[in-house]
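Sharing a structure below in C-alpha cells format, with a few things to ask.
Each chain carries a letter (A, B, C and D) given by its place in the written order, and its residues are counted from 1.
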C-alpha cells in the first residue's frame, strides 16, 4: 500500500468522466453546486481519494453526504474555508468505486454568503466512465422537497441546515426506484404564487428559468446563479412539482408588506374559513402559468403535480388549474398525483415529514412514475 | 446571533457535568476514547458548539458520529491531526441540547498508531447535568459487536473503518430499548480461545482486565491502555458476551505459527467434519474460565452468553461450558441466549450482519434482558 | 355444563337488544340481509349460541363470517336451505360475548334467486345492550368495495362468491380505525353512469334511494328490496364514494345494446386514446348529479369521493364534477381523496386489490376521515 | 353450467390420487383424521365439489379449514353428524383445483367421543395426481404446536376448539417456507416427562409409537388410534420437537395424584426457586430417552429440539440432555434451536403465541431447517 506522498492533485477540469448532477454553469474551476441533491460523481480505481472543497456562508453552512457504491457512508457539516476531505482510504487499489458527493442542503435564498464548491481531487488512481441511467426526473418543491426535518428529533424546532437531507428524502428514493438521474429545485417556505408569509417574491416559477435565481448577492451573481439555465443540456422525462403547501400557508398567515413600495400582500380567507375566491383564483392562475413555463422549457416531459404530504386543502384548486392549462393548450402529458399524508408516526423534525413519510411517498410516487414511463 | 469571536475555549477538564462513556483512564487532558461506542456526552445550553479532536493512525483512521438529542446527525472520518469540529451552530441559545459524540470504530489491535482524543470545547453557553439511565449493560464481542458491515454495500470486501458503526448496531439499539447506558469491548476476528486464524493472542479474556489491553505500542502504553481497569467505577447490571463465531472459524482455518517460538496452533476438525474433541474441550474451558473472570470483576451482573447472528455451530459447546461453570460455582446469574441468524435479506457489507439483522437482534435480545432486569 | 336439550329457541323478534347492520326493511321475522358487510350483532351471556339461517340462490350462494369479540373466527359458505349454525359452544356461561354475523358477499344483481335470512337463535343465556359506536360511515362502490379478490390465490379467474369478503376489506378496516359503525352499498362492475360494459342500468345512483334496488325478481320484491329506504333511520357522518373504475372500463369495452329497444350505448375514446369529450361530460354530469342525490338523503355527512385503488385515469373528471357540484350548491362538505394504487405485491385474486392493498387504503383513508370528523 | 343433479358420489376409496396428510390407519372407508394439520388433498378438474364429513364429540367439536390452490378460503365448526359440505361451486369446469381440507384442531385426549371422518365426495369431474413436495417435516409439540390461541381476541380465556388452528400456525408456515409436506403430533398441556399439572400420563413420548395413542375409548380403539404406527410409510427429513414448556409448568404447579394408586407426582422447585436437581434430571432423562425413540423410528431425519416461544427456562437442561444423547450414541443429526419469544405485541388468545409470533417463529425456524436440508 503506497503512502500519501504518492497522491497526485488533479483539478476537476483535468479528470476524465466527471459527472455533475444538478444545474451548474458548466464551470469546472471550481465546480459550484447550488441545489440540494446536486452532486459530483465519479468512478475511480484507486485505494484513496480526497476532494478539495470550499464552503462559505454568513449564516447557513453547507452539508454533504458521501456515497460509496450507492450507499451513504458519511455525512458532515462543511465549515467555512477551503480544505481537503478524505472520501475513502485503505481500499483495494484495483477495484473501481462509484463515488457520489451530494449537497445535503438546499440553495439558501436567505444567506447570500452561502456557497459550496469543489476544486480538485487527490488520488493516484484512474477514472472511468460513469454509466448513464435510463431516465431523468426533475423535482420542484418547497421544504418537503428539500428534505427539511428528515434528520433530527421530532422535538427540534430550530431552522438549521443540519435537519435537511438531499439523500434521505423522497426525491433520491423515487429516482432510485425508477432508475433515474435526478435534479431538485426547491426552497423552504416558497410556493407557486407566494411564500407561506405572503411574500410575492417567494415563488419558484419566478426563478425557474435561471440556474439558481433565488440566490442573491454579488458572489452568487459572479458564480452565474442568475444566468439563464440551458435547458437543452438536460431534458427530463418527468417533472414532479410538489408545490402548494406554502400557498395554503399564506392564506393562514399575516399580510406581507413590501418595504420599498409599501404594498401589502395577503391571500385572504372568508369569514367562514374558506378561501377567498379571487385570491384562490390568483393561486390557480399561477399554477396554470407555471405549467406553461415548465412545458416551454421541458418539451417532452410528463409533468406531475404531486401534492399531499402535509394535507390536501388546495387539491381542488390544483386540479382546476391543471384542467384549465390542459383545456387551453391540449397538452396531454400533465397530471395530478396525491401523495400520502404524514402522520404522527411518520413525522420528523420541525413538524415536517420524517424518513418514514418520505419512504412511503417514494413508494407510491415511483409506482405512478413507472406507469408514465412505461406508457411513453 | 453572536459571531464566532464570542466563543470561549474550555478544556474538557474545565467543563462541568461531562459524561464519558466507555473505559478510560480518567484522564481529561485530553480524554482518550478506546473502544467502539465510547463517547463523550454533555448537556449544553448554547447556540453553537465546537469540539477539538486529535486523531492519529498508521493505517486505520477513526470515525465519529454526532447525536443531537439522541438522533444521529453527522458521521465522519477523522483524518490525522488536531483540529476543531463544529458540533452544531445556529441553534436556539436558550434550549438545552443533549450531545453525544460517539466513536464509530473499534479499538484497532492491528494499528498501534491509531488513537482518538478530545481536548476542548468552544462555546459560549453553559453545561447542565446529564440524567443518568436506570441500567448499565456491557457488550463483549467480535466484529459483529463492533458493527462491522453495518455500513456499506453488500458487495464491499475491503476491511476498512468506514464499514463499522458503534451507533447503528445492536449494542446501541439494545441499550436504548432497555434504557441503559452501555459499553462495548470488541475486536474483529477475536474469540474466547483464539482468533479466527488460530492465533492464541486473539482472545478477549486475556485483555478483559485492562482498560484496553489489545492496544500495543508506546503511545497506547503511555495513554494507559494496558493499565488495569477499575471495575468498581462502573458495575454493569448485565454483561452480554457475543463470542464464539471466530472460535468456530479457527477450526476451519489454517494453523497459526508463533514467529518467535515456532509453536504451531490449530483447532482441529475430525475427518468427518466434526470438532476434534480435545480442541473443542479447550474452547469450552476457555468459556468456563472467562465466566469466572467476568464474575470476578462484575459481582452482581447477569451474564448472558448471546450467540447466533452468523450461525450456531458452537452452541452445544457453549451450553456445556456455561453448565460446567454453574455447576462448579453455584452462580445462578449466568444464561445463554440464541440470537437470530443473518439472512441474505438482512446481511450488510463484508458478509456480516447488516442494519436489519442488528435491529432484529436488538429486538429479541432487549426482550430477554428486560425479563432479567425485571426479575432482579 | 348443560347439554343441548336446555337450549331455547327464540325468534329474532323476541330477543332484546338485537342490532342490525346494513339497510333492511325493519322486518324481523325473518331478518333479511342484502348488502355485503351487513350483519346481525348481539351481546349474549351464555355458553352456547346457535343461529337459524335460510339461504337461497340460483347461482351465487351467500357466505358469512362470524366474529367473536371483534375477531373473525369462522367463515363459511351457506348452501341452500334453512338450518341451524352453531356460533359458539363450550364457553364460560357467565361471560358476555359480542357476536357479529356478517354477510361476506355483495347483493347479487345477477341472481334474483339469491337471498340470506336469519330466523332465530337457540341459547339459554340472556342478551345485553350493544354499545353504540361514536360515528357512522357509509361506503358506496363497486367490486373493490365489495372486497372482490381479497380471498383466493392471485391466479384465480372465476367470478364466484368465495373470493369476496365484507370483513377483510377496507370498509371494515377503515370503520374500525375510526371507531365507526358502517354500511356498504356496492356492486361489482357498476359505475356512476354505466357498468364496465356500457350498460346504463349498471349505475349505483339509480338504486341508491331504495333499500336494495339492484335486486330483481318477485322474491326480492316481496322482501322489500325495492322499497324506498328510510334515510332518517340512519344518518352517516361520512359517506365514502369509491366509484369511477368501471366508468373508465366502459370507455375501453365494447358497446352495449338494449335488447328491448335496440338502443346502443358506448362511452367512446378518441383516436388518440383520450376520452371523448361529450361522453366524459356525461360521466361528470352523473357524478355531479349523484352528489346532489347523496346530499338530499344525507344532510350533514361529509361526502368523500375516494378513488385510485386500480389507477386514477378519471381523477381530473371527478374533480371537475365535484367542483361543479360545489359551485352550483355552495355545499362545502364534499371532497376528493386519492387512494393508494394496487401493486403486484398488494394484489389479490382476479387482478383485484388484495388484503395488503385494502390495509394500505384503510390506513390512508382512515387518517383522512379522522381529520374530517375532528374538524366537524 | 350443469345443475346439481349431475353430481356423482364417489367414496374416498374410489377416487384416484387422493393424498392423505397425517398419520392414519390407511383405512379409506371412511378416512379418519386424528391430528391437527392432518388433511385430505386432491387435484380435481370440476366446477363443483362436495365432501361428506362425519363429526362426533362429547365436548370438543372439530373444525376444518378449506384451502383452494393453497389459500385458506373457509374455516368452520363441524357440529355433530354426518353430512355434506360444499367445498366449491360455480368454478371453471376445465381448470384443475388443488384442494386441501385440513383439521384445524388437535386430537382431543380429553374427549374420547371426539372424531372426524370423511366418507365421500360428490362431483362430476376427474381427479389428477397431486405433485409431491421435495421434503417431509414432522412437528411434535404441545398447545403452541397445536396453534392454540392463534385465533380469537387476546382477552379470550375459554379453552375451546375455536381458538386452535392447524393452518395459521408455525408448522404450516414453516413447511410452506421449506417446501415440505408436514405432520403434527401435539397436545395442549403435555410435555416430555409430564403434563403441566404433573400428570405422568401427559407425555408425548409414551404415545409416539402409536397412530394416535393419546385417544382413548372404544370408538378410538376401533378406529385404530392405538395401533402401532407404520413409520416406514413416511420417513421425515426433519423432526422438530417443540416440548418443554409444560415440563417447566409442572415445576410451578401443584402435585398430581393418581386416583387409582394414590401415588403423588410433583416436579419440585428448591426454596430459592431453582429446579430441584433430581427432578430436573428426570426431565433430562426423558428428553434423552425420547431422542432415542425418535431416532429408532426415524432413521435419517435431522432432529431439532426447538424451544422458546414462551420463554427458555429449561434450555440448559435441554442442551444437557441432547448432549448426553449425542455422547451416548454418536448420533450427529440432532441439534437444539431457540425460537423467538412471544411479546405483548405478538401474543394471541389465552396468553399463547398469536399469528405474529407464529410468523416470526416460522421465519427463523425455516431458515435453520433450510440450512440442515441443504447440508444433507
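The rule is short, and it goes like this: a contact is a pair of C-beta atoms (placed from the backbone, for glycine too) under 8 Å apart; a residue touches a chain by one contact, two chains touch by 3 or more.
Just so it is clear, the structure is predicted and the values come from calculations on it, not from any experiment.
The set of chains touching subunit A and also touching subunit B is empty. Among the remaining chains, B is positioned farthest from subunit C, on the basis of C-alpha centroids.
Inter-chain centre distance (subunit C to subunit D, centres taken as mean C-alpha positions): 38 Å.
Centre-to-centre, using mean CA coordinates, subunit A is 44 Å away from subunit C. Centre-to-centre separation of subunit A and subunit D, using mean CA positions: 57 Å. Residue positions of subunit B touching 2 or more other chains: none. Chain contacts here close into one cycle, and each chain has exactly two touching partners. Contact annotation for chain pairs lists A-B, A-C, B-D, C-D, with touch applied as defined. Here subunit B touches subunit D in the complex through residues 272, 274, 308, 311-312, 315-316, 319-320, 322-323, 326, 332, 335-338, 340-341, 343, 364, 367-368, 371, going by the rule given at the top.
Contact residues of subunit B toward subunit A in the complex are 1, 59-61, 63, 68-71, 73-77, 79, 86, 88-92, 95, 151-153, 155-158, 160-162.
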